[in-house]
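Chain lettering (A, B, C and D) follows the sequence in which the chains are written, and residue indices restart at 1 in each chain.
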Amino acid sequence: MRFMFKTDYEDDIRLFPHSGYLISYGSLLVLLVIAPFVLSSYLVSQLVFVCIYATVGVGLMILTGFTGQASLGHAAFLAIGAYTAAYLQQFNVPFPLYFVAAGLLTGIIGALVGFPALRLQGIYLVIATISFALIVEEILARWESVTNGNEGMRVKTIQLLGTAVPRDSPTFYFLCLGVLILTIVGTLNLLRSPTGRAFVAIRDSETAARSMGVNVSLYKVKSFAISAAITGFAGCLFAHKLSFISPEMFTLQLSIEFIIVILIGGAFSLHGAVLGAIFIVMIDPFLTYLKDDVPGMIAGMAAALGAGSERAAHIQSNVAAFASANGLKGAIYGVIIVLFVLFEPLGLYGRWLKIKLFFQLFPLYKRATFKRQKIYVKSERNR
Amino acid sequence: MSYFRAENLSLHFGGLKAVDAVSFAVEKGEILSIIGPNGAGKSSIFNLISRIYNPTSGRLHFEDQDITAAPAFEIAKLGIARTFQNIELFENATVLSNLLVGRHRHSTSQLWQELLFLPSVRATEKVHRRRVEQVIEFLDLAAYRDKLISGLPYGVRKVIELARALCSEPKLILLDEPSSGLNVEETDDMSFWIRDMKTELGVTVLMVEHDMTLVNRVSDRVIALNYGRVLAAGTPSEVQQHPDVVAAYLGA
Amino acid sequence: MSISFKVLGLAVSALALTHLPAAAQTKVTNEGISPTEIVIGTHQDLSGPIKVWGVPVSNGMKMAVEEINAAGGINGRKLRLILEDNGYDPKKAVLASQKMVERDKIFAMIGPMGSPTVLAAQDILFDAGVLQLFPLTAAEFTFKFDPAKPQERLKFNNLLPYVESTRAAIKYMMETKNFKKPCLMHQDDEYGKNVLDGFNQQLAAMKVTPASITSYKRGASDFSAPVAKMKSDGCDLVVLGTVIRETIGAMGEAKKLGWNVTFLGATPTNVLEVPALGKEAVEGLYAASGFEIPYEDTARGKVKDWLVNYKKMFNTDANTQAIIGYNAVMTFAYYVNKAGKDLTGQKVLDSLESGDKFLDIFNSPPTKFSKTDHLANTVTQVQQIQNGRWVLVKDNLMF
Amino acid sequence: MSVPDIILKLSNIESYYGPIMAIRGISLAVPRGKIVTLLGANGAGKTTVLKTISGIIDPQKGTIEFLGQPIQRMEADKIVRLGLSHVPEGREVFPFLSVRENLMMGAYPRRDRAAVTEDIERVYGYFPRLRERIDQAAGQLSGGEQQMLAIGRALMNRPTLLLLDEPSLGLSPILVKEIFSIIRRVNEEQGMSILLVEQNAKVALETADYGYVLETGRVVMNDTCERLMHSKDIQEFYLGAKEVGARAERRWKKKKTWR
């Protein structure tokens, strides 16, 4: 365990509290940089989706995790970013310009959504954001002169500095990674500034925040705008990664996926947003791997345990049939989410912190350290 | 002209008159205590001043400015800070970040500057931090600096709330039952802090309190309320000997 | 437009071919072909909003693979089918396609499901030289290709496009039954849009003004208002750009109003579920159709065996979707067989473009592709529900 | 008086808040029909002791015996059914339910309806003010009334043992007197045992029979209240008695290093 002696106020402001952080994040960055050159493009594609989802996750974390404002409308923000990019691209607007435009426009719309949301709390806010998402979906389908309606829009390859950046190239991956890193750094900067503290204050007690001079309405709108803008940037990348967008891609289900990203990852932390994105993107390919490989492994085991080759083949086909049963994936996915909500309300990041603490305290840890406390809720806070 | 004035302040909930034509004034550098039974309207007056409630009628003046219609966050910007009877801290944040929120009225940075964390932002952050550290030192909170609020005992939270209010460098501070949840020894400390606030920091104090020992030790003047009306006003001993106050509040 | 367009297209691409001999070389992969095996892939919606299509289609495909393998494979090569669930989510479709290309090394993608899913994933296949055959979407992008982009030659479709089939069916109905005031009710999505286009194009060609056009959002269940409106507009033919539930709903509503009008559905209404679930309400419905739907008691020979086998395999009755899935693999197998024993990707592409006709066991119109036309055919039938069954009214329709 | 019949016995209890040890091996006993009080500064662990007893926190070590039955790590709702009620700090009434409904929630584990009606009357007898506000939402009551309601609600369970956490918090001096006289009455009339946590040491010692003094999670002193009241330390630190002129010294002492 490392003991820290703070000698300067700078110590509390620093992004990396000590050199250990610098080393671990540095080596993570190195791994991420060499990844596209050693991994298959299938895996790199997954990483790209992780980056895009994590960016949305960070955006949603600002609004929901830090400011305490629920949203089930982030698919709509993603859509606005994506369509802005696709629309402007038709007029040969260069990528950097329409990328920025996608974020800005989405941010402005996010602020406009934030205004009516000022009077709403909890479940009412959820319903309002769902309605907003449905309206956006409807507009995308109807405003055919701009969005091409239900036929959707094709999105051309990015042209950056005169060269094409195909969607499965390492450059595209670096672009998405860069956007994610910039988003995270920007958010961390925000969190150590007055604005970020005002967000958290609003989340925990609006009354107290007001009495400390926080203009609650203004900061809620700001939070909506920032969250939406980040999602808009992600939307631009999302459109390019899929090379085709249509209204039916930006449904409530996608918004729910984003909520799961921060729920599974662990509310209240940016690490959580990234871990959640990894989970939600990787779980599907992971289950696919299981479906492909496990039947063979089980058959191999059966054979090793003395089952005849015919019997082993029989077992293999049975296991394979079970593993590829329709909807099994959905069921596993659902079970994992329920288990998380039940046993790890702090999400993946909470689990990681516990593992870290275990090793830091080793061998002095107590069982109690890892035990979930029954929490004493203050009923007056229920609004 | 008084430093702070409430004129004919009323707050009615339907037929219930929580505050009924209350007038009082606070002079600069004074410690004024409001006492009275539970439900007498003391906290309501605080909530009117900090604009959580809108008065049914009456006016509020601070430093020759009418603040009756100012929004809640403006009140804090004018230099009026407060604590809450039931404690309103930011539960899922550390003590340090709670106190830094107290500095909010002194923040000047723009959003884009914060996103980039420009050197100017960094410099002001350090200033905020230094101020917060002074308050931590003043209220002896160093042991709790990096703790989460949600795990702290009631009495400590009470002090942290006071600290958060002080971080905003207020001109007028409203303390709602500062000694509740504190034992005798801690209440003792509180009385010293309140006096120091007045003498060292030059803060004017308006306080609601039940502990008469504390009231006696720190107050320059006391007003007693009952059923939303002023029952008595004067020096601590005058008010305490007032027969209505004894009957309604202190008990024989 | 079709004929003239095709002629023009032929001329243009012929020109293009002569002028760009070097650039027009299509890369076709040989991955997935081994002396004993051919690996093919597909991604279907097995868990999302259109799993009523995805599940029977994949069943049909599995059945075809088993049949072919039981008969010794294609020139000694067995088929291995990799099936992935796309949940109608383009992200999953992209990842599934990449996985099948890189990990499973598929030779061809056969019958993938859904417009956004196919569109988002298809470049991945083309870049790797993998054929994309007979996707389950009638959108133009699955068969129209730009001769200047040689990799786009890898796409083929055998599904009857909605625009063309709707036009042919409307033309037939208007000409033979002398309707004067046709109306359209369509779903507000890409499919509905295609039916709308076909409707508008055909009426414009016949110089008839539509009496009314209404749309509804996917998932709607109450059609009293649009039906009442069409009635008051005095429609004599109602064209439906609907799927199963909405077809039944709209016709039931008309019956309730006592409105005796003729309904004509687009191809997606031509499925067994419509008469099975709609009962009397859908009696008399006409529909555009690609092939005849077989019934077990009247079917004979191979079709009869097929129906019995399907039921035995999957414990449920076969439907149109299953036939489409089955045919997709069978069509592929036919052209691979034609490509010969010494198999390469290029040979399969040549075989597909050779103009050879594939005839299925269901008596569908023949499948045929050429170097410039990658759409099998636009030959349309009109069928009608009579006594709870689909009955052929007229086949071999064009517009 | 024979050997007192002990109804609650804590032996060597250790509890944690996450990784922090909040109670470090506490043993105490509550005899039948007596009032026992816990004194101590903020953070000494008094509230944690009560939470550990009522099952809101599970202890890591030690045993808790209630009426001879081990109850450590038992679920809170089961413990309530055994006859142990907890009035938490900060009252925690159900703000949107009426006074009557709040009281009925207190009788939730009970099935004997007639007796419940009787008990409601008894509670109104102790707290006439609640009867006046019978249909008002609890959230609208003043602080003192909420405290009365919280105690009344706990009494509705007819507990053998009542845990009271800071009943005087935020109450006016007259109300503090009133509440404590009622606590005394409940104890005497119903023979109910009470474990009381209170910052106002003076009232607590006057009300209770026996006291424990906690500091940083340990019992540092325990005795009858009478003797505790005469102890020098208690007088200085908990009752605030000091000689005139000691102020300067006290100011210096407040920077205690062990705090």
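Everything that follows uses one rule, which is that contacts are C-beta pairs under 8 Å (C-beta built on N, C-alpha and C of every residue); 3 or more make two chains touch, one makes a residue touch a chain.
Since the structure is predicted, the reported quantities are computational estimates derived from the model, not experimental observations.
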Joint neighbours of subunit C and subunit B, given as chain labels: A
So which chain is farthest from subunit D, going by the mean of the CA atoms in each chain? C
Can you give the whole-Å distance between the Cα centres of subunit A and subunit C? 37
Where the centres are mean C-alpha positions, what is the separation of subunit A from subunit D, in Å? 46
Quick one: report the Å distance separating subunit B from subunit D, using the average Cα coordinate of each chain. 29
Using mean C-alpha positions as chain centres, tell me how far subunit C is from subunit D in Å, no decimals. 75
For subunit B, give me the residues that contact two or more of the other chains. 86
Residue numbers in subunit A touching two or more further chains are 380
Could you check subunit D for residues that touch two or more other chains and list them? 17-18, 90
Subunit B residues within the subunit D interface of the complex: 35-39, 85-86, 140, 143, 151-156, 177, 180-189, 192, 210, 212-213, 248-251
Residue numbers on subunit A that touch subunit C, as the complex places them: 40-42, 45-46, 49, 138, 141, 149-152, 154, 167-168, 241-246, 248-249, 281, 284-285, 288, 324, 326-327, 329-330
So in the complex, the part of subunit C that touches subunit A is made up of which residues? 46-47, 51, 55, 83-85, 87, 89-92, 94-96, 98-99, 101-103, 115-116, 119-120, 123-124, 127, 139, 188-190, 192-193, 217
Residue positions on subunit A within touch of subunit B in the complex are 9-10, 12-13, 186, 189-190, 192-198, 200-201, 203-205, 207-216, 222, 226, 268, 380
For the subunit D and subunit B complex, residues of the former touching the latter: 17-18, 20, 39-43, 47, 89-90, 142-145, 166, 169-178, 199, 201, 237-240, 250-251, 254-255, 259
